[in-house]
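Look for subunit A in each of the two complexes below; its partner is subunit B in the first and subunit C in the second.
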Partner chain A sequence: MIELNSVTKRFGRTVALDSVTLTIQRGEFFSLLGPSGCGKSTLLRTISGFEHPDEGDIYIDGQSMEGVEANRRPTNLVFQNYAIFPHMTVGQNVGFGLRRKGLRKGEIKSQVNAALEMVSLEGLENRHAHTLSGGQRQRVALARALIMRPKVLLLDEPLSALDKKLREQMQFELRHLQRAVGITFLLVTHDQEEALTMSDRIAIMFNGRIAQLASPEEIYARPLSKQVAEFIGSMSFLRAETLSQTIDAITIRIEGLGTATLPRPAQLSAAMKKNITVGVRPELLTILFDPSETFEFETPGTITGRVYYGDMTYYEVRLNNSSQVVTVSMRNTAGRSILSEDSAVRIGWDSSSITLI
Partner chain B sequence: MGKEKLLKFVTTRQFIRTEQGRGLTLMGVPFIYAALLLAAPLTAVFALSFWSQDYLEIDRTFTLANYHEVWSQPIYRVLMARSLGVSTLVTLVTVTLAFPIAYFISFHIHPSKKLLWIFLITIPFWTSYLMRIFLWKVILGYNGVINGSLTRLGIIEEPLSFILYNFNAVVITLSHAWAPFAILPIFVSLEKIDRSLLEAATDLGDGPVRRFLCITLPLALPGIVAACLIVFIPTVGDYVTPRLVGGPDGLMIANIIEVQFKRANNPPLGAALAVSAMAIVALASLLFVRLNRKYLRSNSS
Partner chain C sequence: MKWTLKYGLWAYVSLYLIFLYMPALLLPIFALNDSRIVAFPLQGLTWRWFALLWETEALHDALRNSLIIASITAFMSTIFGLMAARASSRYAFPMRKGMAALVMIPLVLPEIIVGVSLLVVVMQFGFDLSLWTIILGHVLICTPFCVVVMSTAFNNFDRSLEEAAFDLGATRGATFRWVSLPLVLPGVIASLLISFTISLDEFIIAFFLAGVDVTLPVYIWGLLRFPARLPSVMALGTFLLAASLLLLISAEVIRRYGARRAGTSSNGHLF
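The block that comes next holds the complex of A and B.
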């Protein structure tokens, strides 16, 4: 278990970490997600011991890490560029950390082989590091860190250097690996898809602070702020007006879309302001192709743009009687035509499509 | 006829555009320059070493007598051995002193100031080498800076005599002169080391010493080898330094070559000495590179 207690780190005048408090459970796959420069890498480096916090404490399994140098911490890091030692073979790279532990040569060899097997690189221990492909380097870096049996494995944007196909494959493999070894994984990424597909929990960071900490589903469905909503997936934001509110329901009029009554979100305790912004995910809106389909609400609009993805088409629809634009994603099922620009359409939605932010 | 000419013109132009043609065009001028100023004199010296001096004229009949003398007379062997000894020691001293300086600049100087530091290291080159040798004489002399200070301080009674006009003085002066040439290649090889490799070693449990021995030193080895060769090869043939600060027992092979060409009036023997010295240096360097490669291979398997 890793506990961070109001950890603050400054570089000159910039505050990289602003009083971050966070607990990561044992065996959890935890992701730090945020744009570049949000402090997520600094947080990782602070846990691994390469940076020292100006304020606050870090505990790993109840032990304070204060004054514990990076080479004595029970953490291991998979570097963004993998940092494979170029003058060594794969086997020497993977066994690097074991030499210090006073193990016999045969013991090191069998552990290295086991680690290589775990990342499906068996038989490559005598290959030179510089002959490896990008994907293989990443696996070597993983094996080299996992062989140390760390209390937490830190991964610094480990997939960003791989091409898309390999990245998707590695997302699955990392997840399986983490389940198999049962070690806590702490992943730093700027890729929301990576965070959503692999993590048990995600912390979204902006400007050195944690903006939201929750499960992937929770973060996607109920973002706490516009910033979080914009960062995770895509969302259209619409101006709206609060008409009335009770203890458990709010009635709003969304400009161009209509009036709806929504349940009051749990995290919202104060009264809603009059002028508000609501968000709507593209997949929660539907363009009505079939007149027999019925929705709670139907709103007319005009297609102003479209992006074709093969399985999906994303339409940009301007709402009639308003300047507001929403994005609607439609699955390209059999027999469904791709609508052209300027087509008049009807958008179907219901009150659960709307997110109050 | 005209068609043929055109064809020839076209093929020439096409040739210049090919990779090979471009290379030759670029290399051509420096190549001629090098041939005239390097290869030609070398060939002349090589030819001269197989001839003999007949009072005022050169006898151009082929003979190995010069080489026989070079390899049989003990004086030449002594001088050659001393030259190699001086160079080896100078290389050792220079590279050992250069490494910490290069390391300091590469690892402890802010990137924006590195260039300034490298620039500062070249400052000694702003004065002529001869001037620097004379300054060393001032420092090392019988009544020089070191002896004067030490006597005044009462640390010694008699001035030290082992620091000027001997082997030691040559080593000290040459080590100072060649330091920048050793610092630069080592600095470059240290700069090329990806810093995340050092962090990775730390992350895997290495302390500073172990990390230095396992990562930094092996990865800086190409620069260290280059520094060794850059210092070793030219210092074997150095002749100004031993002449000015070497005294009688600091003389080196180049000094005797000069004597043969000038005062002794025996250029063929001088040429044979020069060619022999070159061969020995080449062999020593090849051996060094070979050993180094062998070490690297045994280290990685």
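The block that comes next holds the complex of A and C.
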């Protein structure tokens, strides 16, 4: 659906996009995730036609976008601040694009009503734009873009202006909406949770380049680099040493945690260095409350800090015989007490808890 | 200490207001005073100075000239201001700052210099002095004000609104017509009114560049040489005062309506 071939964009001396090559499938919910300034918004603006690449080509639905201006592209953009026309009503906002196409009044009216119904704003077409709440403005922006039936809907940080509750609700709704209309969605966000919850695939960008492109599960479980691992979810990084390696297995000793043999990840084809860093997700470690629980490995440690979240408690545990600290998340099930700081605990883990990066 | 400061400030404000508005209040008082001599004590009530205005053909011509000049000046300088402001707020081009400074210079040039030099230019090219030469001078001095007003209007609205319209398939012209223009409309009206007012009471340039057709300020200046006509100048002044008050009030009403429609707060005031 969208193909980018070595797209490069420079602003003066800064390289905003560094030879980005990317294919987005038809009907896909695709997210561009990265910190601010990583080039994700520039990429979105380049696809929508507001910026023009210095090098490389963009194809949408097989057609080159070279020399095609934003108003003639089969894309529509939902702006970060929604860009609702303040001097128009909701209905005039949503019908703006159809009116420019020269459709008849009656036709516009029925399509506007259908679009408003789609975003659960039926009956609000005569409201003035400035009387709307933040959530309603976003729905108007969505309806205004979707009514054009674009081949690709581009969304620039669409949830960042909403409060937390509304944001979580809209994550579900956006996903449902995308399924319902079947249009390719391309979302730009700096919020890993947004990307993980809504996307079919995610491209993580740093410094104008794509660092990893995969499904949310893949990116979360097998980050290709420490940078990606740090950006997605939380992860403790531990010093480790390679003891031995074969074509399909690697044996490592993790300082303070223990020795384990792991299958070699597909992307690590070269020989492992001696001194390496491994990552471990908080939910893949367990604090052993019950002697009957069994794990492949058990390691003693001391709690040095804790953060209570209601459903979860995050513990910071210093490993005995080491200065290394890991974060362990525990579900607060009934009857399980919250451990205090300085408690001595045993951490249970498996070789599958460890991520080689 | 505290109350002296308080009453001191009150006294200051009162004196300030008296100094500012008393002269204007004298206009209607002497315009209705039944005496050829503009001085106290007052001699009684009369409408004859207003009646005299009604009968003076030369005054009507001057007023008509002034209105024609002010209208065309307001229209032209607002168009120029709109174009300059849009260019400087929306596009990056070489010498943008220098260009903006050049546009603003007439604001600080003494009008007498503008008047004399324009007269020299007009004479060099062999044009006859007419209403058009006055309009030329007035557009020159009004445009900087229009640029300032229109720049504020353009900088106050979010650029992504124009991008959104363009993204929704509007042409550049349609984007301007349906999004940019409605949003800067209060600025356009303010710009029209300001340049209209400046042109209407401008004297020096009009004096230098006027041919046989004079403007109202030039006509009034001519009247001052005849003390007997002074009360009718007062009547004329009263008339102009009422007209400009009406103009300013309607401008503010329109501006507030525009601000409300655009959903922005109406804290800033034009005048």
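Some notes on this structure:
Rule of thumb we're sticking to: the second predicted complex is superposed on the first by the 357 of 357 C-alpha atoms of A that agree within 3 Å, B and C clash if a C-alpha of one lies under 4 Å from a C-alpha of the other, contacts with A are read in each partner's own complex, and residues count from 1 in each chain.
Everything that follows uses one rule, which is that a residue touches a chain if its C-beta (ideal position, glycine included) is under 8 Å from a C-beta of that chain, and two chains touch if they have at least 3 such contacts.
From a predicted model like this one, the values you see are computed outputs, not experimental measurements.
By the document's definition of touching, neither partner reaches A:K226: not subunit B, not subunit C. In the superposition on chain A, A:S48 contacts both subunit B and subunit C.
Look at A:F79: by the touch rule set out above, it reaches both subunit B and subunit C. In the superposition on chain A, contact of A:M148 is made with both subunit B and subunit C.
Of the two partner chains, subunit C is the only one touched by A:H130; subunit B is not.
In the superposition on chain A, A:T89 makes contact with subunit B only, while subunit C stays out of contact range. Comparing the two complexes, residues 48, 50, 69-72, 75-77, 79-81, 83, 85-87, 96-97, 100-101, 128, 144-145, 148 of subunit A contact subunit B in one case and subunit C in the other. Every residue of subunit A that touches subunit C in the complex is listed here, in rising order: 48-50, 69-72, 75-77, 79-81, 83, 85-87, 96-97, 100-101, 128-130, 144-145, 148. Against subunit B, the residues of subunit A that register as touching in their complex are 48, 50, 69-72, 75-77, 79-81, 83, 85-89, 92, 96-97, 100-101, 128, 144-145, 148. Note for the complex: subunit B touches subunit A at residues 194, 196-197, 199-207, 210, 214-215, 218-219, 296, 299-301. Interface residues of subunit C, counted against subunit A in their complex, comprise 158, 160-161, 163-171, 174, 178-179, 182-183, 261-264.
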